[in-house]
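The same chain A turns up in both complexes below, where it pairs with chain B and then with chain C.
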Partner chain A sequence: MPKTENGKTQISRRGALLGLGASAGAMAATGVLPGSLGFAQAQSSAPIRIGFQKHATGIGAAYGRWYDATTTAAVKRINDAGGINGRPVEVITEDDGTDPSRGAEVLEKFANQHECDVAFGTLFSHVVIGSAPRAGELKLPYFVVSEGHHVASGMLNRYTLQPGITDVKSQVISMAPFVADNLGKKVTMIFPDFAFGHDHRDFFSEAIEAQGGEVVAKIAIPPTETTFTRYFPSIPRETEVIYHVMVGPAVLTFVKELGEFFGPNRPELFGFIDSLEAVDINSTGLEFLDGTYFWEGMPRYAQANQTDAEKAYRAAVGVDDNGASLDDPADVATYAHMFGCWETLNIIKRGMESADYQGPQDRTKLIEAVEAMSDMPESEDHPQGAKRFNGKTHQTFGSQYISKVTDGKLVVEHVASIEDGLYEDEVDYTTQAF
Partner chain B sequence: MTRFSKADALHLGILAMLVIAFFVLPTYHVGAVSRIMVLAVYAIGLNLLFGYTGLLSLGHAMFFAAGMYGFGLAIKFMAAPVLLAFVLALIAAAALSLVVGLLALRTAGVAFMIVTLMFAQTAYLVVLYFGEFTRGDEGFVLQQAERLLLGFDVTSETGRYFVAFSVFAICFLGFARLVQTPFGKRLIAIRENEERARMLGYDVGRYKLLALIVSGTISGCAGALYALLFGYVGATFASVQYSILPLLWVLLGGAGTTIGPLIGVMFMFYLIDASSAYTNSYMLIAGLVLVLLTMFAPKGIAGILRLRVMPWLP
Partner chain C sequence: MTRFFNSLTPVLVAALACWPETAAAHAGDQGFVLLLPTTFYTITGTLSVVASMVLVTCLRRGVAAWMFTPRSVLRLPSAPEFRVVGLTSVFATVFLMVLIGIGLWGPNDPQNNLLPLTFWTLWWMMLYTVQGTLFDVWRWINPWTGIAKLIGVGDDPPIRVAGDPGVWPAIGLFVLFQGFLLADIAPSDPKRLAYIVLVYWGLTFIGIALFGRRFWLRHVECITVLFNLLSLLRPLEITEQVRIGLPGWRAVQDRRTGLSLSLLCLTVLAAGSFDGVNETFWWLVQIGINPLEFPGRSAVVNVTLFGLGASIALLVAVYAVAVWVGVRAARGLAKETDVSFAESFRAFAITLLPIALGYHVAHYLVSFLVQIRVTLSTAADPLARGWDLFGLSAVKVTTGFLNTPETVKVIWLSQAGVVILSHILAVLMCHQIAERTCRSAKGVILIQAGISILMIAYTVFGLWLLASPRGA
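So, the complex of A and B:
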């Protein structure tokens, strides 16, 4: 029968780490090293290995780079504070090419080659959905940071969890009250004609009707489209709000052509910042967005009422007050999503500590420990805001931000509460056997 | 030993090595070889059309996807048993091959490449268009419980490996036999000189259509097998990338050789797997290797073996 790969290099490296850990523990005990370097109390000083499934190449590369920066910062903070259960955390990064097939292969590498304790970090839904079956079969806890509804919909399995970022269904339905009360009740939706767009179409249509509004037109744009003007005459005259969620490189063209079509007499515009993640809101052609509204998972621009936790997080991940890299003001972060990596890693840490996690034999205990979590107050572990995790659906719920483009910045106008985004459970993963 | 028996011994030897590999390889590589065998079935499909018949399709992903969706949708919406779903998948791939063949084979050469590419793009967009059923670009999962093959769990490492091995062995040996039959020889004759084959009295159009149907059905078989063993059905597999990949595998391994597809997939898989540990630009390395191979070994790895060491290689 096949045996777990355990090449000499890995054994000797682990042995070396054990030795180092033991030495460090002894030194810490005698006061030679500061406590944060000690990792002295652990039964094993071998690192906790977290497999980071990174979109380093492919369509998700912009996200992957910032997810990587956030992961590095979060792990540094965890290690500086003594690691997990007294053990240092080591991140093993593998590029999935933003491809579902490669994603599944990467999980196999994490489980069987790198001997990771958990896998983490995937954003794009098709990669999550393509990889999750293997996570279940490999019995590898798989913490995704995707915002897709696939986890809470019951499509996946007990080994796949999304505790660090809200899902699209929650985000969309929590926007409806603000849109109906402040922008208008007659909405035209413009969305990409694939699953991401369809989720918005379906969830928002239902949510706005519950608020007494209606979607007067649904305009699906084929994914291969590069120009959009011919779709705009389909927007009904009675439209009070245009809800748009176009993504990809054609977004700039979309906004420019929309501006040319409407001129100064436009309806209200509401969009999802997914369209403009890693894009400077002041880019040429985006002037038309001034005065329009966006959903943000976390405010890109530092707000006047910025919390200490958010300030500390922003500094740790190397982002300035305008949402760009401290090293390069033109390098705009994927700030509305990347906090999910930070918060997920802190949840993994808390789950492992709660389960007294010692190794892969304790993976099911880790999952049960995370499933037992519920309210998570806003803190440096959760700088985006308070969360409420639903252990049955493996999905977290949290605050959502609605920002208005004002003088070239996104200024928060409204914060939707956790309750605004709650919906009925669609699955109970805790009833599934491990 | 006759030429024929040498080839037979080689093929059986390769299969024996694959069985032994299961017992000696570490777990990760057992999983990797399972995947390689599935993809090698796909490459065998293209090899029949490209390597043996001389028809270069740039749209084979549509056949792979036809099998994958034929299988997945039958399970998702009809709760079909695995074997029935597999048969439906093969029928879907064969039917699509027939339709595409009837239209695309009116062209030849570069035009054939472009037409197959366009058909594949259409198939990709059809998958997205019917997102209500296919879940479009996201795709959908086939649960473990839905993937029991006659009560046998194919999601364990052992189950997955030997199901992949069995299908690969059938396709591999069947393909090796097929290219030795009069039918296979006629395909080679068409590849070498289509006009001469026609002048000799062969119905070239019919043989090309048959080759395309068999090729597309084998590719569809690989798509269904992927869905069965890895539990995922998604539009990515209908994209142009998955039409180009089998072409690279066949070119690398050796077009027009029976062992080329397996060698090509294995070489490419481990090239990417190993180089990705060092750089994010691993596709650049893969591209560079391809350029070098094209320059110095245009017949691929098995082609070189046939040229220099094993002239009897089928």
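So, the complex of A and C:
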């Protein structure tokens, strides 16, 4: 299908326009769309409508843009392969402004105005948490791509699922074995002093102790700080590894000052790529990161052992081998997270096929079908790697990547297994009535 | 309880993020800005403004007036009648209605819909600037004048208002507009915006029909009033002569500025300033919000409206004190007994207008650079039918230039340069008005005492705003 601007395809543009869904469906049904297999075998040629809750404006917009590109690419692939149950997929995009109250309004529009079959795509936790109760009230399946622990923690409801991206708790605890075995057992944690940083502190402290290590210092940085040097003398001399999860505009300053403080004689450094998502690792001030380690949800740089699935996915979403836009090598993608949209859409497809989904009356069957899923092998549907979905907690588990900054690139050093990230269930949503 | 991404404000959130409010997200380049020696730049910039003040006080009396005297570059056989203006205005109305249609029935994503893109990017960000610097674009595209004339509405209105209400109604509407821009939870939502624009257009048209075109557009319709005010800053004027002068030459001409117009100048500057402040870490901390965990606009609607109102009140109060200090000094120390506070308050307010324009340009520059690409690429296919009009689909929306220290530095210095130049122009205008107000050289200097301090403080404030980390 010919691409238009910004990596969007024509079907996305049409699909976004209210009232044109039927014509898109009709075109697709007759196989007019280039590359389409056609949807002639469908009982109904009306499209499956997926409401995409997009962070088009607000603090999530940089993610929203890439989530959009990934969603568009994934839907194109699904449609090219015949759609879902023989019907084309249409994406209805609404901007939630990265705002929970607006997010809830958007879900209402999806259910009542656009007659969407499911809602999908939310990233920021506060929007998920603000929207999920409304999804439950509307009885609208709500597939989030947020990697927050709120789904598996049990605070949401049976209509909210996170099957395409792992959660932060799993990510953090799966790092502990590698850190303890390869970088050191005495860890100093530097984190922003609020819920996000506290989660890292709590999850990792417990996990590293289970590996025979210990956190020798926990340095909480007030979120308003833009200079950090005065905190570094608190790093104990015995520290073997610094675990850092700073976020916000001052991250570059943090790294630069850390480099100035330690010079060449530094302990090992381990961080989460969230700090530098969409930032060029070769940016001025980041030289100090050479030789340090990062968690990556999915490797930003194409690796030597790149799979065909990853290669196809990377091309489809318009990202080059360095993790940047094919249109602009300086425009780095949110590559560690956006795969979640691709994989979630493929899971929605499989769920609908398995439930023989025909329309909104089958929404609960769809949820039950997804809840019944478990192991998903690495494939073009799952280019990030194999997944294991837990139907009770509505949360997926998967591989995690640890990469080392080497010659200005992130090179994967270790792949944490699904088992490394498992933890005990905190909820069983399947016991909740629909 | 784990709350992960709500806390995650990425370093390089792209500039397209929060238009029109252009909040944290538009501070995509913030990580690199924080690495720049902005304190040094701020000191240098402020010293430039101070130097311009010192320099201007050394000028012989009359030099400022000479500087603000326009030069005639062309004499036309007669004043251009611009009959086409009526036609372009009608076209603008049709275009607006098409945009409203796209807003109502077009794509839901504001980044794919021409109504919000045209409204905020082309009109509010770009035409505002064009109106204040290049030419009277609003006259050509005013969506009421042509159609009203065409159907004979507003020439002989049924209701005639006695007396001059000034621009008080326009100030009220402008504050409402700013409130919408800053505090509404979805000012870019295509449908929401379409309804608001349509209602405003309709009410204005009814106002014109009932009260007359001239009355409504000069006193009530805030955009025409604002854009006419900005016109005073343009260097070029086309009447029977084509005249060009130092920007602001029309603003400092001896004219009687009404109190309401003075307050409009202050309101425009205060609202523009708050539009920057409300995104800063500093402001978020004041209102009890973690700047790394901005909860969304819906959580700050009331406090933002309060901040807007408080900013206007504060600037009016500070300006009044500044004028009062100058008047007291001139009267007491230079025996300028004819100088009055009320007259000076009205006269000097216009000198803050270039600062407001400078802030506008600096504030929206990064957003504009991204959004103009989004707008152009969307214009290729405004109805989302897979078209490629004018080959515009070749425009790629990428934000790599915000990810590159060199371009971030150039952009930041451009923003700072605009802010500094606008202050220097304000200093010159202030001096010219002071010469008009006071007889003695000493009086001219003293009457500016308070406003000069205000302008120096505003320079520091403006550059601090550009350098501040943003979280909303």
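Note that in this section the second predicted complex is superposed on the first by the 397 of 434 C-alpha atoms of A that agree within 3 Å, B and C clash if a C-alpha of one lies under 4 Å from a C-alpha of the other, contacts with A are read in each partner's own complex, and residues count from 1 in each chain.
FYI, contacts are C-beta pairs under 8 Å (C-beta built on N, C-alpha and C of every residue); 3 or more make two chains touch, one makes a residue touch a chain.
Just so you know, these numbers come straight off a predicted model, no measurement behind them.
Undergrad: Please tell me, clash or fit, for chain B and chain C sharing chain A in the overlay.
TA: These partners clash in the superposed model.
Undergrad: Now for A:95: first (chain B), second (chain C), both, or neither, which partner does it touch?
TA: both
Undergrad: Going by the touch definition up top, name the partner, chain B or chain C, that contacts more of chain A.
TA: More residues of chain A are touched by C.
Undergrad: Report for A:148: first if it touches chain B alone, second if chain C alone, otherwise both or neither.
TA: After superposing on A, A:148 lies in contact with both chain B and chain C.
Undergrad: Looking at the overlay, does A:189 come into contact with chain B only (first), chain C only (second), both, or neither?
TA: Neither chain B nor chain C is touched by A:189.
Undergrad: Pick one for A:123: touches chain B only (first), chain C only (second), both, or neither.
TA: The second partner, chain C, only.
Undergrad: A:167 contacts which: chain B (first), chain C (second), both, neither?
TA: second
Undergrad: Touch test for A:276: chain B only (first), chain C only (second), both, or neither?
TA: Second partner only.
Undergrad: With both complexes superposed on chain A, which partner does A:324 reach: first (chain B), second (chain C), both or neither?
TA: A:324: touches chain C, not chain B.
Undergrad: Tell me which partner A:134 touches in the superposition: chain B (first), chain C (second), both or neither.
TA: first
Undergrad: Which holds for A:341: it touches chain B only (first), chain C only (second), both, or neither?
TA: neither
Undergrad: Once the complexes are superposed, what residues of chain A are shared between the chain B interface and the chain C interface?
TA: The overlap between the chain B and chain C interfaces on chain A comprises residues 2, 4-6, 56-57, 94-95, 99-101, 109, 125-126, 129-130, 148, 150, 155, 194-196, 223-224.
Undergrad: Enumerate the contact residues on chain B facing chain A in the complex.
TA: It comes out as residues 22-32, 35, 125, 128-129, 131-132, 135-144, 155-158, 230-232, 234-237, 241, 273, 276, 280, 282-283.
Undergrad: Considering only the defined contacts, which chain A positions touch chain C in the complex?
TA: Residue list for chain A touching chain C: 2, 4-6, 10, 13-14, 16-20, 54, 56-63, 65, 68, 92-95, 97-102, 109, 123-127, 129-130, 146-150, 153, 155, 167-169, 192, 194-197, 199, 223-224, 226, 247-253, 256, 274-280, 283-285, 324-325, 327-332, 334.
Undergrad: Of all residues in chain C, which touch chain A in the complex?
TA: 1-14, 16-19, 23-25, 27-28, 30-35, 105-112, 185-186, 188-189, 281, 285, 290-299, 374, 377-378, 380-381, 383-386, 388, 392-401, 403-405, 469-472
Undergrad: Taking the complex as given, what residues does chain A use to touch chain B?
TA: Listed in rising order, the residues of chain A that touch chain B are 1-6, 56-57, 94-95, 99-101, 104-105, 108-109, 111-113, 125-126, 129-130, 132-134, 136-137, 148, 150, 155-157, 193-196, 198, 222-224.
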